[in-house]
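Some structures are shown below for you to check.
Look at the two complexes coming up: chain A is in both, with chain B in one and chain C in the other.
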Partner chain A sequence: MTETHPKPEMASENTIPILVEFTGGLEMLFSDERKHRLSVPSKDDEGNPVNIGWLVKHLCDKVMKDSRKEMFVLDDHVRPGILVLVNDADWELEGEASYALQPNDNILFVSTLHGG
Partner chain B sequence: MESANASAAALRAKIAATEERLKLLKAQLANIEEKEAEEVEESPVTRKWPLLPDEYKRYGRQMIVPSVGIQGQLRLKDASVLIVGAGGLGCPSSAYLAGAGVGTIGIVDGDIVETSNLHRQILHNSSTVGMKKVDSIVSYLKSLNPHLKYITHPTHLTPQNAAEIVSQYELVLDCTDHPTSRYLISDTCILLQKPLVSASALRRDGQLIVLNSPPLPAGDAKGGPCYRCVFPKPPPTDSVVSCGDGGILGPVVGVMGVLQALEGIKLIVEGRLKEEQEVDGRGNTMLLFSASGSPQFRSLKMRARSSKCVACSGNAELTLEKLPGMDYAVFCGIASPIGILKPEERIEAKEYLELEQDSEKTHVLLDVREKVQFDICSLENSINIPSSSFQGTRSSSLQEGKPSWLPETVRADASIYVICRLGNDSQIVTQKLKEAGLDNNGKRAIKDIRGGLKAWKEQVNPSWPEY
Partner chain C sequence: MARTLCATCKTARALIIRPKNHQKLCKACFIAVFEAEIHHTITTTSLFSPGDRIAIGASGGKDSTVLASVLKTLNERYNYGLNLILLSIDEGIKGYRDDSLETVKRNAVQYDMPLKIVGYDELYGWTMDQVVEVIGKKGNCTYCGVFRRQALDRGAKMLGIKHVVTGHNADDVAETILMNLLRGDLPRLARSTSIVTGDSTSDVRRSKPLKYAYEKEIVLYAHHKKLDYFTTECLYSPEAFRGSARSLIKNLERVRPSAILDVVRSGEDMAKLVPEEVTGISQCKSQKVSLSSADGEEEGSGGCGNTNGRDSGGEMADMEKKLQLDEEASSREVDVTSLASTADGQNHDRIASKSVGRKRDTSRKLVKQTLGTCKRCGYMSSQDICKACTLLEGLNKNRPKMEIVIDVEDEESSTLRRRMEGVTLAAG
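Here is the complex of A and B:
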């Protein structure tokens, strides 16, 4: 699995290029980078299409270098106070964690802010 | 020095007296202007116009915008808006609403103006430091637009007073800075069927969402979602960062406040404060702003009302009767002030000074503020390891035995003193260091410096720069 910058045409039958973004302070947990271009396998270990649930675990295990895992995932779910957006639409409109990733999807994680 | 103090005091008194005089003159002028306006209206040859002559001049540039017009302006004049929070969001939003001619503006805030507010809370100024924020803000708004009615609520919004205050207005702007108030305001707006414009900001990011619009009764799925629909569970307290802790750029929160005013003006002018219909194609959106993002603005398509929401769904358990008994601090998991260490695990700042001067004893001073704060000012010979790096199960700052940040030359029994800005994070780190076994079974003392660098300034060094 590479974390360099796959171009759409590099997508093979076995991998899917996606863009993952973090904002609202979450980027601090991911090497202070807002945008992460990832190439993910199209199927998980059981042969099912990879979904956002799989992606969240992958981000936590493989991409996140920060030790504060619980600031991103709590009880195997994205922690309360983080919105997940699939191509700028609330993931609740898309089936939440079960949404199957499509080539060139943009998955945005937003931490809510409270200051004012 | 003493004579300088005396002349400063004399100047302050002079300024205060002049300001009083100015107030009086302004009141006299307003009086005369009002009489003039009445006389014009009473004259038999002139028609009775719905706005004062000054108002036609004042609002002309916005009234000639086709989507506003005279009808929109009269709607603004009739409207009443409550702004909860007279801070970084409340200042710009109230200024634009007052400028636009919203007839009644209420402001809720229990705080006083501090110097650290001024870089972003633009209606307060150096001479209003120490004043109640509601008074400071209204004195500015009155000079901006004397035609409006201003109501001050010099208190924090609480479950006990929220319904009484909110019920006096048609629209609410959430300009507060904590999840507890955000849930309280949203719940109250659902119960009283008021649309709510909610914004927030931190560091270089801002978020804006219009909630409960249309403001239909709980159980009507066509109503706009509430704060609980979007955030059913409160965030863990560790993840809640205030502007005081995380920092904030003035223009970032300013942009968000201005956008709140804009959404408010749109709701009023378009006659949507009490609308009973969902408007096709408008949908629910959240606007993200990021000073360093590309693009800087991003509009997200959001969920509708949730059928499981405890506030606005058909199964909602929330009622006006239950509201005063709600404990939002408990709901959001707010613990009482941190006091997790035993007295002997902490020392006072002045005791640490004595230790520091005793060159016989070697020790390590660990400053656990974020690096950006450490760079502003730090104590001599202190080591900076941010408290965030001690959190989490995979922390590398907590290896047993000898973590990499501990200097090679330091003996295994040399004490570690932990300091931070206010004395909260340092307690948590002290405990974590002990749990990780760095105290070598009691051979090494690990202690928290009580009250942090704030106490250092108070007890030891008054010239310490407090930021």
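Here is the complex of A and C:
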């Protein structure tokens, strides 16, 4: 488990601690680390609560060091074939990208695209 | 956001939304219905008989791990009376199989099944690393795939087992159907849709019990059951054509999740329109009577309905309605074919005229394909000399020259390699 943020557990009024996990081969794109504890701002630049759509962009821009962004995001959407689970529930049940992050949420990205 | 309750038990929170019918289920009900549907596929196709020894082609990946887990569960729950064995193939790719074979070894302990690992080197005299040295990274998947399919047969034969099951899922089958459609390869399209290949006369039969299971649900099943599986990307570049077929499938799924099973069903229906003399498939069916009748039944219930699966009773009205439509459609198709062959030129809808046109073309062009055995190695093949032997012949011819060149000059070898790739591809 790697702490990829300098202040991982710090939850203040302005930040939300979350756990992001990558499995099914996606961890390869994120420094081979399965779990990433992040502390994200509670509001985006426009003052709206941060949602998964924001998180995905954040992961792409700030967390992912691999250059193969298209393995994770295609046309501004999570690549088809990658499942997103919010606290174990399919994100389709939670409003997909518009789901507003809550403190201590577990967001899991699972690729179904890789072989075995 | 308000929590959605499970459509089946109406008490637990729904965590899964099923791609094929949008049903929202809790974890326990999802696991139950997933297993019930595999059981349904197995029973309606009479896939196994009590006392059968079954080799599970195990890679340590999600599909074969789920297959092993589900088969173990169902074998115990429904007293199939099966003797299950894990069979793994070591392609000889350094750094690729090591971890996945470790996973299979753990699975063998977890599922209490014997494990047999067979290497390409002992089967063919070539590891995939050596093959790539000769033909390059492009196109090597063909070799790997051809070798792997036969490796499972050979490994099974070595163990005295006559039936190998593989973890191919609905997405895989849909992808293969699309690829064969795009290539215009109707004989292979027909064969790739059937749940079993081979019959009582062949040394080893192969089947795909997860044929109707969505890849998404397989991954979710593995996740919620906390199964121990391994994911890895093959170190050699993925086959481009299959890759694009896969992307197409995944994009279709995003727009309309039922598309995957619909493609599988379309493939099955198209397979029925392919003339027998072209596919060589009817031969197996007539020899294996129980199977051919099971096929007929399968087309109605599709392994996904609930005629047998009491667990899933009442949950799938939509699906059933659709299946009834499918059944009606398929009976219409039979009419169309018989009409088309007797009264050519009238009552043609698009499908019928296409199939007739195709029939003429293919039967003229394609050599009659019947499932027999390779004259060289004796394994199941639709041609005189099987693909593996043809590929091996090419490899063995190239080997001495290549080894010298590779040792001496790297740059030169890559150009030669490229040239060799052309040669072997032409030969294949």
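As a working rule, the second predicted complex is superposed on the first by the 103 of 116 C-alpha atoms of A that agree within 3 Å, B and C clash if a C-alpha of one lies under 4 Å from a C-alpha of the other, contacts with A are read in each partner's own complex, and residues count from 1 in each chain.
Definition applied: contacts are C-beta pairs under 8 Å (C-beta built on N, C-alpha and C of every residue); 3 or more make two chains touch, one makes a residue touch a chain.
Note that the structure is a prediction, hence the values are computed from the model and not measured.
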item: Touching partner for A:Tyr99 - first (chain B), second (chain C), both, neither; value: second
item: Which superposed partner A:Lys69 touches (first chain B, second chain C, both, neither); value: first
item: First (chain B), second (chain C), both or neither touched by A:Arg34; value: first
item: Intersection of chain A interface sets (partners chain B, chain C); value: 23-25, 79-81, 83, 85, 88-90, 92-93, 108, 110-116
item: Partner chain A, residues of chain B touching it in the complex; value: 85, 87-90, 174-179, 182, 199-203, 205-207, 230-236, 238-243, 246, 248, 253, 256, 286, 288, 290, 292-293, 298-303, 388-389, 391-396
item: Parts of chain A lying in touch with chain B, wherever the complex brings them together; value: 23-25, 34, 66-71, 74, 79-81, 83, 85, 88-90, 92-93, 108, 110-116
item: Of chain A, residues touching chain C in the complex; value: 23-25, 28, 79-81, 83, 85, 88-90, 92-95, 99, 108, 110-116
item: Chain A-facing residues of chain C, complex; value: 1, 4, 13-17, 24, 27, 59-65, 100, 171, 215-216, 218-220, 223-224, 229-234, 246-247, 250-251, 253-254
